[in-house]
Each structure stands twice: as structure tokens, then as C-alpha cells.
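You will see two complexes here that share chain A, one where it goes with chain B and one where it goes with chain C.
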Partner chain A sequence: MLYRSGVSALHRTGPLTKLALVLLAATMLPIWPAPVLLAAAGLALAAGALCRIGWAMARRLAMLLVPVGLALFVVHGFMLENGPARPLGPLDYYPQGLARALTYFARIALLLTVSLLMVMTTRVNDLARALDQKGLPPAAAYLLTAPLNLVDGIADEAAAIRDSLQVRGLAARSGLRARVRLLGAMLMPLVRGMISEAGTRAEALEARGFRALPHRSLLDPLTETPAEVRLRMGLLLASGAQLLVLAL
Partner chain B sequence: MSQPIFSTRVLVLMAIGIALNMALGQLVSLLKLPVFLDSLGTMLVAVLCGPWIGGLTGLVTNLLWGLIQGPTVAFFAPVAAVIGIVAGLLARAGLFRTPIGAAASGAIIAVTLAFIAVPIRIYLFGGVTGSGADFLIAYLTKVGQDLVGSVIVTVITANLADKIVTALLVWGIIRGLPQRTASDWPFLAHSRD
Partner chain C sequence: MSLLVRDLTLSHPGQPPILRGAALDLRPGDRLAILGGNGAGKTTLGRALAGLIAPMQGQILWNDRAWYEHRRAERAGMVQFVGQQPWLQLSGRAFTVREEIAFGPENLCLPRSEIARRTDEAMELLGLTHLARRNCRHLSGGETQRLVLAGALAMHPQLLVLDEPMIDLDLQTRETLAGHLNNLPWQMAVVFLDVAAQPWMRGLVRDQLEIRDGGLQPPQPDPAPPEIPVPPVPDHDLDGPAIRLNGLSFGYKDAPPLFRDVTLDIPKGSVTAVLGPNGAGKSSLLRLLSGLERPTAGRIDIAGYDPVRANPKALAAHIGVTFQASDRHFVQARVVDEVALALRYQGIAAAKARFRAGQVLAWMGMADLAKAHPLDLHAGARRMVALAGAVAHGPDVLMLDESQRGLDAAHLARLEALIGFLAARGAAVLIVTHDQDFATRVASHRLMLGDGGMQLAPATGVLPPA
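What follows is the complex of A and B.
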């Protein structure tokens, strides 16, 4: 999980407000030049540092951005013909290609930084609660939270099936063909069992009154200050304005 | 009260499909196999419940994955949705009845997803994503292929084997389902007797 616990202002901000911030960043991409996008990404990283997730964010960003950045500058700067070439030692490079690579890099950097800022300060459960609170049907919250509860169970069950198959002679260190056989032998009972269980799980949910009403009321609703609601509206309006500029 | 679009059973199957998409990657890396299998749950739901539910399963998988693993995955959510939709349409056409049809479905899905993945990859990532496949793009552009062509070839090459293996596994799974379980999923009638 990318979430880092904390008590910062951003941790306390509602998930929907942070989603509006991601939307604002996404609508900036086609409009603003690379320096503006990079400056905005820098601001987002600084906000992360203020929320005490700066190092974790920077590490994650480096992991994601360094390989993409290298690939972008090599492919666009040196390999794809883009305007007139200039010599750089034994190689030729394309200044226009490098400028294009910088634009792509800035777009990715901004979107990743702002998305990470949201993801690292928001629990999936809180997002589900916020959606519930806004009147989305219980099914939406279920689809966001149930898979996370199921993943560990699937991994444990797969490990148990693997162990039992290995006891019977199927080894993961064998050749490719044997490993493909092992994969099939592990997957078939695991997945068939889960499909068969779907009916039982659904009955258990219905027995608890899941979806008995179109909307659920929350025992511990997320609280929002009027300032936060205004901030979210502002972010949405700014996103709308940028889309309008793009359309014109 | 109006009937919900998705029954609770379908909703539970979607959750299972999403969890399978997320969990099987670990299993595959454990066995050191050169496939991802990150759309097995999506294809399975599509074959059991139809194209739109399959598409939604793919979409939610990548959005949720983006929340817990890293936002890059979320940018490709439309691709995951297309995998589910196309798998469902091919299942409706009866292609998941035989292993050859299932393998052909995997190939069709790999080619179709390129139409959605390539524009995202080019507009947002400039054609590269920092993975090993970038070497192929670099090579193809150097031998004279344009960027769009190089990315199309790379995306299809990287996905072809994975989607064919995934489709074959789905065929194997649905073929071995007990009749009692199979009868719970009416859409499955398109893929087995």
C-alpha cells in the first residue's frame, strides 16, 4: 500500500477534494508549457514534504520517473528524427526532440506527483466512505473495498495449493513447460472455488441487508469544513475553465 | 423498488475478478513465468457475465490498483476496460467454446487493446514507459519505423503471449466448472453447453 499515515492538513482533507486536485492537474497538461508543469509538480512535492511524506514521495517518484525520463530523452532526443540534427561527440541529437521529451516528462511528472500526493494521504476506505456519503450506491463502495480484503486470501490459498502440488512432485524450479503446468494446476481449483463461492458470499451480503436501501447512512461520516467545500468548488471551476480554454 | 443493474452475485464476482487480477501477478512472479495474467479476472468476468460487466471490472481494477500500487496503472484503465468488453463480445460470438477459439480471442484482444493503449502511451508517455519494451521501440525507430508504428508493434508483441495464455486459462477454468455453478451464470451459455 502506498498510504502513509499522518495527521497533516492534507491527511485530514476529504478524498473528493483531493480527487478534484488531481482533475485540476490533469486538465493543466494540454494547456501549459513544460516549465509551468514542472513548477506545479515541484509545488506538489513541497506540499508532500510539509505533510511529512516528502521522502517517501521522492523515492517513489524517482523509481517511476528516472527510467521513463531516460527512455524519453534517448528515444526522442537521439533516435527519432525531429528537425535538424546537431553533433554531440560521435552522436547526433535533435534539439526539437529533446524539447518534446521535456514536455512529455513534465506532463508525467505533474500527474504522478499530484496523484501520489492523493494516494499517499488517502485510505481506500475513506474514499469509499466519501462516495457513500455523496449518495453513490453501496455497490460502488463494495467494489472499492471488497477486492482488497480478498487479495490476501487468494494469495494464501494459492500458496497452500502450490505447496500441496510440490509435495506431489510439481516443482516451480523445473523447466518452462513444468511451470506452466504448475500454473494451470494451481489456478484451476483456486478460481473455480472462488466462482462457486460467489453465490454464498452474495447470499451472506443480502442476509445482512446489503443494498436493502438505495443509499447507506454512515455511522462515522467524514466531516468537511465550509472552507474545504469552497476549495473543492474552486478546484472544479478552475478545471472547467481550463477545459473551456482547451475547447476554444 | 427498482431492480439494481448488477445483482449482488454479479457484484461479488466482479470483486473476485478484481482481486484475481491483483493477486495473480504475485503468483506468476513466484513461478518466474514471462506473462502478467493481470487481466485473467477481467476476461473471466466478461465470459461469465458479458462485455459491459467485464469492461467495468477491468476499469475498476486499474483505478483501484492505481490507488494502492502507483498512479501509472490508473492511466491505462481504459485499456483494461476494452479487454473486458472485447472478451465479452468474443464470448458472445462463441469463441470461448474451443481452445483454438480462445487462443484466437487472446490474439484479437492483444491487437484491439493496442488501439487504446497506443494513444495513451504516446500522448502521456511519449511512446515509452521506462520498461524493457522501450528497447524494442528504440530499435524500431532506429531502423526507420515511425514512433506510432514502433509503439503499436511493441504493445502487440508485449501482450500477445500474455493474452493468449490468459484466454486459454479462462477457457480451461470455465470448461471445468461444475454444471450447478455454471447454471448460475446465464451468459456462460455462449461459451459452453
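What follows is the complex of A and C.
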């Protein structure tokens, strides 16, 4: 599960405000140089640490960014011709390629860090409720939040299939080759299982009146302080300004 | 509320009809049980009554009108269907129990006060009030079943269709839920679907019908279970233990230990009923024996292997496992391949493995299902496929987690014959079950779990409820 419970200020902040923060980060990407983007990512990680999710965030970021970063630096720095080459032992490397890899890496790092900060401090259903509250059609809110909900479902399904394969003799703990074989064996049943369950879930939603009306009412609407509304407006204005700079 | 069924014909896609020309009248306050063996068509009928599938022929009229003539919001307040897999019926939109129950009324755009009233009322009725703030994903099977039921009740349906509502519940929870069902509003009609009349139905169900010969008919006494021919068993060495636990300790992170320094032997040729209250660690014990969990201390010896250190392929040759939610563990697209999988992983050629799987399926009376997808079968057949996959390679230790659940008399007789046959061959069979009658019939030993310990004793007389 991506969400980590907590009582920090960021946990208490409304989902739409955090969504605006992600938008601000996204609009920064094409404008600012890599050091600024990396500094912003560092700030986001520090904010995560203040919310007591720093280690969990760092672990997930490492899992995602290390392979991506390695691939970027190897491909752009050593494999793709990009400006004049310089020798590095028996190899040639391209300084311009490395700079380009750094830019790409910084962009991915910032977007991932801010997105993780949001999803790890926001309950998915709160995000859906916030979208409902803004009058979005129920199906649209569902569509936007479904990928986050799917993460847990896929993890449960995958664990069940892995257990099933292991007790019948296929295991993942004996090296890379076995892991690849296991992944191959898991893929089809995972997809089939998810599709099969999706039908039942869709029926259950329809039976309970989901999408029967264009809007939903909420038992406990989310509340926002005026300061939070102002903060969100500020974030949106800053995002708009960056888009304007980009357009000019 | 009135529901009229006339000349109803239903079938599974591409198969002959399971119901032909059936008729049924439901009025406010009816409490009807519709019984039928595995694959008789109970779920299909229930889904048709709830408007989830259209009949091949005939009419189902809700308040004198066809389903599609009612507005969608109106339908949600007319019928609610609670199926056999409660975890699949959660909305996925709610974090807490209270939010999950409120999901349906929220969809109907009811005033907040009405949503709150319905939610609190449903929680009260099903004993969920103390769990109101609990994360829906952290509930037990029984609690999830009650939550789904509460979500359906909050819609204030005129008709409630419950498909084997107690299948995932232990004895105590069944009695509790039956008590709650007794408190449903009198004007609500309730249809219970089950394989046979159940003890909890006493005092709750007023009428019974049975799906028989393609129609809905008054129930007849259960026929005697069929005789299952069992192959002759050659002499086997039954000396020594099949499973040895030596100083076993285990617990999950941030939870009290389940087992503390347990030492015991489970003999070859025994059938052991693993008993204990919810949360005592019954399923966890099977996971430890299967190598899916690591003990925090101590050692397990199963057919000469330590599940933690053994090569999974070597261990798998000696164990067979069925899981509680067997549907989630199917990995092949054809029944015959699913049953042959353990043999294939042992390095047996595909043709030979399929031949052996075919033999097992034939013995189980499922030869004609060999090419079907496991998930396309009815619930009873799916359980039997999981069982066939666990025994096809002739394991020395067979571990069954609630394999008898939802089986009709014919399938149950086969399961019991199979357990007896494997035990006679010298295999140790461990069964985790809440079914007291089943455990009493098949178990030679009982293994009581609780307070961090395990006690193994010969089974004599009626086993206590789990």
C-alpha cells in the first residue's frame, strides 16, 4: 500500500492542494535546469522526512531511480554520440550526453519525488471524494484514482500467484534467471485474474448505484481552511506563470 | 414489492439451459432458501433475480415492470445481491468501514443526514459499529462478509439475494450473522442460495425450493452420498513422523507471536484437523510448512526437508497445498494444465504430466472439464481442480485450507475418499476447517492451536468447533 498514515501537516492538507503541488512540479520540468530540479526534489524528500515517511520514500525512490539513472547515464554518456568524446580509461564518454542524462534524470526524479510525497500522504478515497466534491462526474473521479487503487489489488494478486507457483516447485529465491522465469509465469494469470475480478467489481459498483446519477453526495465532505485555499490558488498561479514562460 | 418470474430459462454461455420454464413469486417479508448442488445454477438464478444478467427466455418482473424499465437509481433500491467473494464487492472507493457502507447511499445523492442514518443503522444491525474507523482492507473474512452485507442493507433494498452468505465464516460468526439476519426489516424479502439446508437457516428461512431437473421444486431428502471407488493401497511404511517441529517459534511483524517454542511430531498416515479460534495461526502454520513463511526460531522437518532451506522444487515433490481463496491461485488457462503443473515443475514431460492429470481428473469425475478454464467453472468444481492439482504428484504431506467449503454432498464424498486414500498410502493430511462435522468424519488427530502453543491428540468423538 502506498499510503502511510500520519498526522503531519501534509497528511492534513487537502488532496487537491497536493495535486496542485504536483502540477507545479510538472510545469517546472521544461523550464528549470537540473540543479534546481534536483534541489526541489531534495526539498520534497526533506518534506517527506518531516512527515515521517522519509525512509519509505527514499527506498521507493532508490528502487525506481537507480536503474533509470544508470540506464540514462550509460546510454547518453557512453553509447549515443553526442558532441565531442573524451577518453575515460578504455572507453570514450560524451560530456554533453552526460549533461543531457542529468537533465532527464532530474526531471524524472522531481516528478517521482513529488508524486510519491502526494500519494504516500493522501488516501486515494480522499482524492476521489475531493474530486466528487468539486462536481466531477463519479466515473471521471474513479478513472483518475483507479491506477492508485490498482496498486494494492495487483500486489495481492501477485502474492497469491507467487505462492501458488512456489508450492508447486517454481521459486524466486535462486537468482535472476529464476526470477525472470517466475515473472513470465505470473504475467498471464495476473492479467486474467484482474480482468476476471474487474467484471465482478463493476457489477458490484453498478448494483450500489454508482453512476446512477451525474453527481454524488458525501457523508463527510472534506473541509479546507481559507489559508489552504489561498495556498492552492498560489500554486496554481505559479504553475500558470511557468506555462506562460514556456509559451513565450 | 413484488417479483414475478415466469417461464424463466437460464443457461451459462454456450451451454444447455440449467433452468427451463421456472416460475417464482416473491412478496414482502418472504424468506426463501433456494438449494442446489454445485453447478446447479443457484448463482446464475440469483444474478438474474438481481437483474445482473438477462434471461434467455421468459420474464422477471419487478413491481410489474421489466428490469430495464426502471431507472438505474431506482434499481439500486430494489434489489441487492451479495455474492460468494465479499472482497470483490468492496467499492474500492472507501478507506474505512463507515465510508464503505455510505458509498451506496452517497451514489443516490441522498441528504447527508439520511446517509448517516442508513450507515449507522446498517453498522448497528450487523455489529460493525466498533469497526467503523477500521481500514476495510484490514478486516477478517467474516468481518468483510458482514461489511458487504451492511453496504447492501444501507441501500434499503426491497429484495436481498444472498449467495452462500456463510461460506467464509466460522461457526461462531455464522451464528452471530444469522442472529443479525433475523433482525432484518420484516418487509424486506430475502433469498438465500446454498448447496443444502444449513443449521443456521433454522428460524430464519420460511420456505425452501430446490433447483432440480431444470426447475424450481420443493426440496427432497438428500440422497445417500455416492460410493466412491478407491484404488487398492499397497503396504506402506507408517513408522516415523511425516512432519517434525522442533522449537518452532513464529510471529508476524508488529503482532504478538503465534507460536512459541513448539515441538511435536505429526505421524505418517494421519489426518489431522488443525483447530483453533480465528487468528490462532492455522493458515500461518500451513504457510510455514509450505516454505512460504520463515520461522523466527526453531526448525521444521517435512518429509526430510527443511522448508526454509530446501530447494522449492525438491520440497514441492513432497507437499500438496490448497489455499483458502483457491480462485486467486490458478495459474494455467486449462484445467488439465493446472492439475499437471506440479508434475511439469518436477521435470516430467508435458504429455506424461497431462496424462497423469487426466487420470486424476477422471477419478474425480471431471474428465469433461479438462479443457475448460478453471475460472469458468462453478465454485465446487474450482475447489476440486485446486485439490486435483495438489494431489496429482502424490505428495507425502497434503495441506488443505478449507477445501470442503461450499461443496455439495457428491463433491464432499469424493474429497473424503481422496483424503482416506492418501492417508492409507502413508501421507500425512492436514486440514484447516471450521466444519465440525467434516473434521469429525475424516480426522484421526486434532491439533489445537492457541496461546502460542499447539497440542496434538488423537481425535475421539465429536471435535470441538474451531
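Rule of thumb we're sticking to: the second predicted complex is superposed on the first by the 173 of 248 C-alpha atoms of A that agree within 3 Å, B and C clash if a C-alpha of one lies under 4 Å from a C-alpha of the other, contacts with A are read in each partner's own complex, and residues count from 1 in each chain.
Following the convention adopted for this analysis, a residue touches a chain if its C-beta (ideal position, glycine included) is under 8 Å from a C-beta of that chain, and two chains touch if they have at least 3 such contacts.
Here the structure is a predicted model, which means the values were calculated and not measured.
Asks: Between chain B and chain C, point out the one touching more chain A residues.
Replies: Between chain B and chain C, the winner on chain A residue contacts is B.
Asks: Figure out whether A:Leu182 sits in contact with chain B (first) or chain C (second), or with both, or with neither.
Replies: first
Asks: By the touch definition at the top of the document, which applies to A:Ala202: first (chain B), second (chain C), both, or neither?
Replies: Touch partner of A:Ala202: chain B, not chain C.
Asks: Tell me which partner A:Arg192 touches in the superposition: chain B (first), chain C (second), both or neither.
Replies: Both: A:Arg192 reaches chain B and chain C.
Asks: Does the superposition put A:Arg52 against chain B (first), chain C (second), both, or neither?
Replies: So A:Arg52 meets neither chain B nor chain C here.
Asks: Just to be sure I read the superposition right, which of the two partners does A:Leu80 touch: chain B = first, chain C = second, or both, or neither?
Replies: The answer is first: A:Leu80 touches chain B but not chain C.
Asks: Just chain B (first), just chain C (second), both, or neither: which does A:Arg4 touch?
Replies: Neither: A:Arg4 stays clear of chain B and chain C.
Asks: Just chain B (first), just chain C (second), both, or neither: which does A:Arg12 touch?
Replies: neither
Asks: Quick one: is A:Leu70 in contact with chain B, with chain C, with both, or with neither? Answer first, second, both or neither.
Replies: Once the two structures are laid over each other on A, A:Leu70 reaches chain B alone.
Asks: Could you give the residue numbers on chain A that contact chain B in one complex and chain C in the other?
Replies: Residues 1, 124, 142, 146, 186, 188, 192, 196-197, 201, 205-206, 210-211 of chain A touch both chain B and chain C.
Asks: Residues of chain A touching chain B in their complex?
Replies: Chain A reaches chain B through residues 1-3, 29, 60, 64, 66-72, 74-76, 79-80, 100-101, 104-105, 107-108, 111-112, 115-116, 119, 122, 124, 127, 137, 139, 142-144, 146-148, 150-151, 154-155, 158, 162, 172, 176, 179-180, 182-184, 186-188, 191-192, 194-199, 201-202, 205-206, 210-211, 214.
Asks: In the complex, go through chain B and note every residue touching chain A.
Replies: Chain B residues touching chain A: 1, 4, 6-9, 11-16, 18-20, 22-24, 26-28, 30-33, 40, 44, 48, 60-61, 64, 66-72, 74-75, 124-131, 134, 137-138, 141-142, 146-147, 165, 169, 172-173, 176-178, 181, 184.
Asks: Going by the contact rule set out above, which residues of chain C touch chain A in the complex?
Replies: 50, 52, 71-73, 75-77, 79-81, 83, 85, 88-95, 98-99, 102-112, 115-116, 119, 137, 151-152, 155, 287, 290-292, 311-313, 315-317, 319, 321, 323, 325, 328-333, 341-342, 345-346, 375, 389
Asks: Could you pull out which chain A residues touch chain C in their complex?
Replies: Where chain A meets chain C, its residues are 1, 123-126, 128, 138, 142, 145-146, 149, 152-153, 156-157, 160-161, 163-171, 173-174, 185-186, 188-189, 192-193, 196-197, 200-201, 203-213, 215-221.
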